[in-house]
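Labels for the chains are A, B, C and D, by order of writing; each one numbers its residues from 1.
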Amino acid sequence: MNVPEFFQKRIDAENAEEAQFEHQVHVCIAAGCASSGSNDIAEILEKTCEERGEDHPCRIKRVGCMGLCSRGPLVAHHQNGKEPAMYHSVTPDLAKEIARKLDGNPPKKNRLDPQMPFFARQKRVVLENAGLIDPENINHYFARGGYQSLNYVLEELSPEETVREVVTSGLRGRGGGGYPTGLKWSTVAKAGQGGQKYVVCNADEGDPGAFMDRVVLESDPHRILEGMQIAGHAVGANKGYIYIRGEYPLAIKHLTTAIRQARRATMLGHSVCGTTFDFDIELRIGAGAFVCGEETALIASIEGNRGTPRPRPPYPAEYGLWGKPTLINNVETYANIPAIFREGGEWFANIGTETSKGTKVFALAGEIENGGIIEVPMGISIKEIVNDMGGGVRNGGTCKAVQTGGPSGGCIPAQHFDSPVDYESLKKLGSIMGSGGMIIIDQKSSMVEVARFFMEFCMSESCGKCIPCRAGTAQLHQLLDDLLEGRATTRTLPLLEELCEVVRRTSLCGLGQSAPNPVLSTLRFFREEYEALAPAPDGKATDKVTV
Amino acid sequence: MLASGQIKTLKIDGRDVSAHENQTILEVARENGIKIPTLCFLEGLSVRGSCRLCLVAIKGSPRLEPACTTRCREGMEVETDNPELHQFRKRILELIFAERNHVCSVCVSNGHCELQALGAEFGLTHVEVAYQFPNMPLDLSHDRFVVDHNRCILCARCIRVCDEIEGAHTWDMMGRGKDARIISDMNEPWGESESCTSCGKCVQVCPTGALFEKGKSVAEMAKQRQFLPYLTIMRGGKR
Amino acid sequence: MSKTITINNVTRIEGHAKITLHLDDQGMVQDAQFHVTQFRGFEKLCEGRPFYEMPSLMARICGICPVSHLLASAKACDDLMAVAIPKTAIKLRKILNMAQIMQSHALSFFHLSAPDLLLGMDGDPASRNIFGLMKDHAQLVQDGIQLRKIGQEIIALLGGKRIHPSWVVPGGVNKPLSEEHRDQILASLGECRPIIHRTLEIYKSIQANFKEEIQTFANFPSLFLGLVSPGGNLEFYDGNIRVADAARNTIADQIDTLDFNDYLEESVEKFSYLKSPYYKAFGYPDGIYRVGPLARLNIIDRCGTPQADEEWAEFQGLQRGAVLSSFYFHYARLIEVLFCAEMMERLLQSKDILDPHVRAYAKPNSFEGIGVCEAPRGTLMHHYRINKNGKIEWANLVIATGHNNLAMNRGVLQTARHFVKGEKIEEGMLNRVEAVIRAFDPCLSCSTHAVGQMPLNIELLSASGTLLDSVKR
Amino acid sequence: MKTSAGLIIGIGNPLRGDDGFGYLAAESLAKKLKNTPVKVVATHQLLPEHLDLMRKVAWVVFIDASAAGEAGKLTITTPRALFESPLAFSHSLDVTHMMAWCKSLYRVCPKTLLLSTGIADDRVGMPFSPGVRRALTKAVSLVVKLINVGNPSVEAYIDNLSRD
């Protein structure tokens, strides 16, 4: 790919700017580190550097996520030609010390080994810029090759060729379902015969324990704008919406800035990249309903209606926003697009497994030593993620299970940790890939309690439209509560199982249909924990067993 | 002239039936005298697909589909009743009865209630799931009508008839999950609603005793729904 | 050392109760308490409901006399609407009420009390039951069954259902009487006259056997309260309240039922869920009064039907002044059944009874409404307050058994003092204590409703408490 | 359908799981035996008023659930009147008492058959157990068959049974 002159000028300018500084200190200001005070650390670093004087110019760069969120604030010291030095849990004192000793012996305290598996085993595609660029500076994005894929697609590829490239890549939807992205694009491309169409980015990430999309949006927002526009070109849409949850203020801020900067740089809006392609993007901020992650509910919400799902078909690809064909993809899906067009669909298809191509971003949460965000090639085993990269259970406990896929997913017990992480394998184990949340559960936790937690979530997030989900989740929650609070009868467990089936088979949308999954998967692998809480069928109550 | 592709032939409960292109399974089933239970569906209003009672099994599809929203396809084989569907429907009814305070014996719609009739039809002699006993309010502020949320099943017929037929859109829904509730205007007392035209259509389409005429005593509220088909015809079938 | 004797589960009365007798050191009865241990809370649960739902809701208080609650509630609702309901509706409601009184009295007399009366208080418990009764008094038992059936049939013909009819609505009734049903009812009323006369004869023939019981069964001076017609006749549905004293002097007359609160006050005993109202002007405990058949026959000037008046004249002659012994509740019940049969016939023969106009419609016009009628067991009062939209904001029910509560307790004490001697609990004594209660025919399930008031102190008075010697059966 | 005037009384509470056996059997029989001289009564409990019905018929079949016996197993018995009971009038009148009442009061008692099933669960709000559900269908067709035989008549059938 030749770099057009416009881009080369921008890249040269940014490189020249950067060359002025011998040191670059990256401070993560994404929500994880910000919550542990990284903005103060950045200020302290700036102030201390100023005090050092002009001899050794240093730039403090407020960047996106570096991954190890459980140990923020994270700071990385980049020096020309040297391996960066990373620090975790940076206190104001440590920040001062780092700044003062930029030239000499860097402090040993709280140093992170960049070769630790958490970093070394990652394969970064979606997160290639995260932690390296200032998300509010479009020039940083340009310097990393940003918007060149868009320009290439607009200049060189027909919509059909664009779709074909995505098909070649084998990319599947990262929002949870794993629907082939290329197929979706071609469906929308063929729908509607030249009329109005829309491209929607689903950034309503709501699974408990999942924050991959937030990290992408906070760390590299332009990536999404670029991916959406390529999609717009492919399917014939000129309008995009990013539906983002209101709980992500920093992501909203970064996206707003990015949209403004992109418009000014003609990377968005009229005559994008100087071509005849027009495309504009609007933000729609959700009011905190989990169900709005469901695509028909999301459409209703963007239209200004109550965010409730409707029966499909018709699918949004045919009948979406305001009845027009609409392409809806998740944040991470769009984030893969610029890389696919830069490196080629073939390149992407070579990463991962036969059926699950590319990489996947996971959010590690729960009782894990190294909590945070990782990006790994598909097909890696759960064991590698949990034990090696994640460092096992916090404080030396043993791992009992890992919950994937959020409230629609399931629990995978430790004996199945050799299983590869791909769409099919996880499904076989009764869970789903989902959007990428992974919650590590240690031996001390009760699986019934885990199930109750997710059921409570589903109950309070049910939109209330269809009866099985609205009333069924409430009943399921009560039955789980009965088990845990010692009110179970001989009928509790049979009724629980039957109602799971009712809710799963009869609910209107995916939220309801998958709501029983945490119960069903824990029942499958940890049935004895349920049985210990219910009276035996002969009517004699068994002693409550602490699990 | 209809092109040949616009007529579909399919099987419902083993019977060969034909359908226009845009007809739903429910429409065709009813045309052919095949009974499928419904609760949120009401002829003349837009379909909603939320009560899940009309779910049917379609050969080759792992999912159950609502008959009210699913369009007929060529060669489709539909099963409208089987032991599994029966049990699901019964459980769904049970969930409704347990969800709010449906006390038939003192209800104005006793004997004229679609929910009660379905309960009887499915032999729902008791409710196994736990009664929720929510503390639900009653709005008596309207001059002529009452809304008793204890008996509301959130079918949204009132919302639809008010929006689609009367054009007032007085009713809407707020809250989610089990806290969802129909509201008039911006959750104001019905009697203070400025948009309500007091036409009473919502009361007549309500399947239970949630909306009723003031002054009616127990078992006296029989709903009149004849007006809906006429209005639809007069509008040339447009909603 | 004092001793407590507890009689649990008083048999053959409707509902459940417990009696505690406190003995002193000499083994004499020092105190007696009649506990009601059930709790229903209807007043609380009707708050927030529309007032026109009240009759059907309130009929659910009790499966034994739903009609009484239905009528009192409907009358309170008429009052809230401030309408005069059609005359025919009044007549139909009256007939319904009397049918209910008839079948309830039949149950009380024939099934619950007859074994005591006909087989004696000291009879062998093994045969002192309805089988024993049937052996020697088959006709009486057959009559009881028949009379009850007739009462229930009339209710069914009028209201559509035997239990909890939804026929009575605020403003009247929702369906006029058909000629066919009228004729059916009249025919069955014809059947019950001979039954009542036969029974009265049997009763009067055995009355002399119970001198001791008559002396001691809650035989004490008290006030009597009930409804009377404007002319002073026996009245179960309409009319105003009259209070008479033990000498049959009328001390308050034609009290508008709407003002009843000005005359009555309620005390709450800590040992029972039952409320204990008393006549305000006389204070507590001098204001103790009785309601029900005995009281009704004590306050009236006449029944108002020929045959009942004949019997009433005889009844009146039993004691100087008012008839004070609660034993005579039984007699009073039979006279009332006779009155009902006569009065129902008279009403059914009136020419406007088939009139199709039986319901008045109105919005709420009054924010407070009171409905009073005579239930089989005595005066029943429903009192509601509503907001401007007709939503019930507050309700208070004063129930027949509640009116009699203080009198019942005094009666239990009186009987126990007379029949309990020493620490030995004899069957005959227990029977008599129970029989006192049964004379009042209390209906306990509906009268227990004092939400938010003093809780029942079960520990103090239960069988497992201190100084206890309980008897159960 | 040829049969003499008879009475069927199904006893039970349909809200209490298997206890509803008799009640529901009677309800379904009532539909099947419309327009026959057989009167069918479904009741929660036996009442003195039922005596008035009993005394007028030649035979009566009681259908009830029984706490004893295997769930869903139908038993046919010809009960005998029981004249002794310490608490005859209460909420627990049973078939034997009814017969005794009827005999004592009216000097007649119809030929009586008791069709009962053992039950699994009679707690409030419980569903029918599968065995009792099957027994219900069986019981209904059994009674219909019994009434349909005509010759030998129901009375003869009961007589026959009493001899065994």
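Simple rule for what comes next: a residue touches a chain if its C-beta (ideal position, glycine included) is under 8 Å from a C-beta of that chain, and two chains touch if they have at least 3 such contacts.
This is a predicted model, so every value here is computed, not measured.
*Asks:* Would you identify the chain whose Cα-based centre sits farthest away from the centre of chain B?
*Replies:* Max centre-to-centre separation from chain B belongs to C.
*Asks:* Which chains touch each other through the most C-beta pairs?
*Replies:* Ranked by contacting C-beta pairs, first place goes to A-B.
*Asks:* Would you identify the chain whose C-alpha centroid lies closest to the centroid of all protein C-alpha atoms displayed?
*Replies:* So the chain sitting closest to the middle is B.
*Asks:* State, to the nearest whole Å, the distance from the C-alpha centre of chain B to the C-alpha centre of chain C.
*Replies:* Taking the average C-alpha coordinate of chain B and of chain C, the gap between them is 47 Å.
*Asks:* Taking each chain's centre as the mean of its CA atoms, how far is chain A from chain C in angstrom?
*Replies:* 73
*Asks:* Provide the C-alpha centroid distance between chain C and chain D, rounded to the nearest whole angstrom.
*Replies:* From the centre of chain C to the centre of chain D is 35 Å.
*Asks:* With chain centres defined as C-alpha means, what is the inter-centre distance between chain A and chain B in Å?
*Replies:* That gives a centre separation of 39 Å.
*Asks:* Could you check chain A for residues that touch two or more other chains and list them?
*Replies:* As it turns out, chain A has residues touching two or more other chains at 491.
*Asks:* Which chain B residues touch at least two other chains?
*Replies:* In chain B, residues 128 touch at least two other chains, as defined above.
*Asks:* Is the chain-to-chain touch network here best called a line, a ring, a star, complete, or other?
*Replies:* Graph shape, chains as nodes and touching pairs as edges: none of the named types, so other.
*Asks:* Identify every two-chain combination in which the chains touch.
*Replies:* Touching chain pairs, listed by label, come out as A-B, B-C, B-D, C-D.
*Asks:* Which stretch or stretches of chain C touch chain B in the complex?
*Replies:* Within the complex, chain C touches chain B at residues 48-50, 52-53, 55-57, 60, 164, 166, 169-170, 174, 361, 363, 387, 389-391.
*Asks:* Per the contact definition, I'd like the list of chain D residues that touch chain B in the complex.
*Replies:* My answer: residues 14-15, 17, 20, 124-127.
*Asks:* In their complex, what parts of chain B are in touch with chain D?
*Replies:* Within the complex, chain B touches chain D at residues 125-128.
*Asks:* Could you please specify the touching residues of chain A with respect to chain B in the complex?
*Replies:* Residue list for chain A touching chain B: 289, 291, 306, 310-311, 313, 459-468, 470-475, 478-479, 491, 495, 498-499, 502, 505-508.
*Asks:* Inside the complex, what are the residues of chain B that reach chain A?
*Replies:* 48-52, 55, 64-66, 69-71, 88, 91-92, 95-96, 98-99, 128-130, 132, 153-154, 172-173, 175-180
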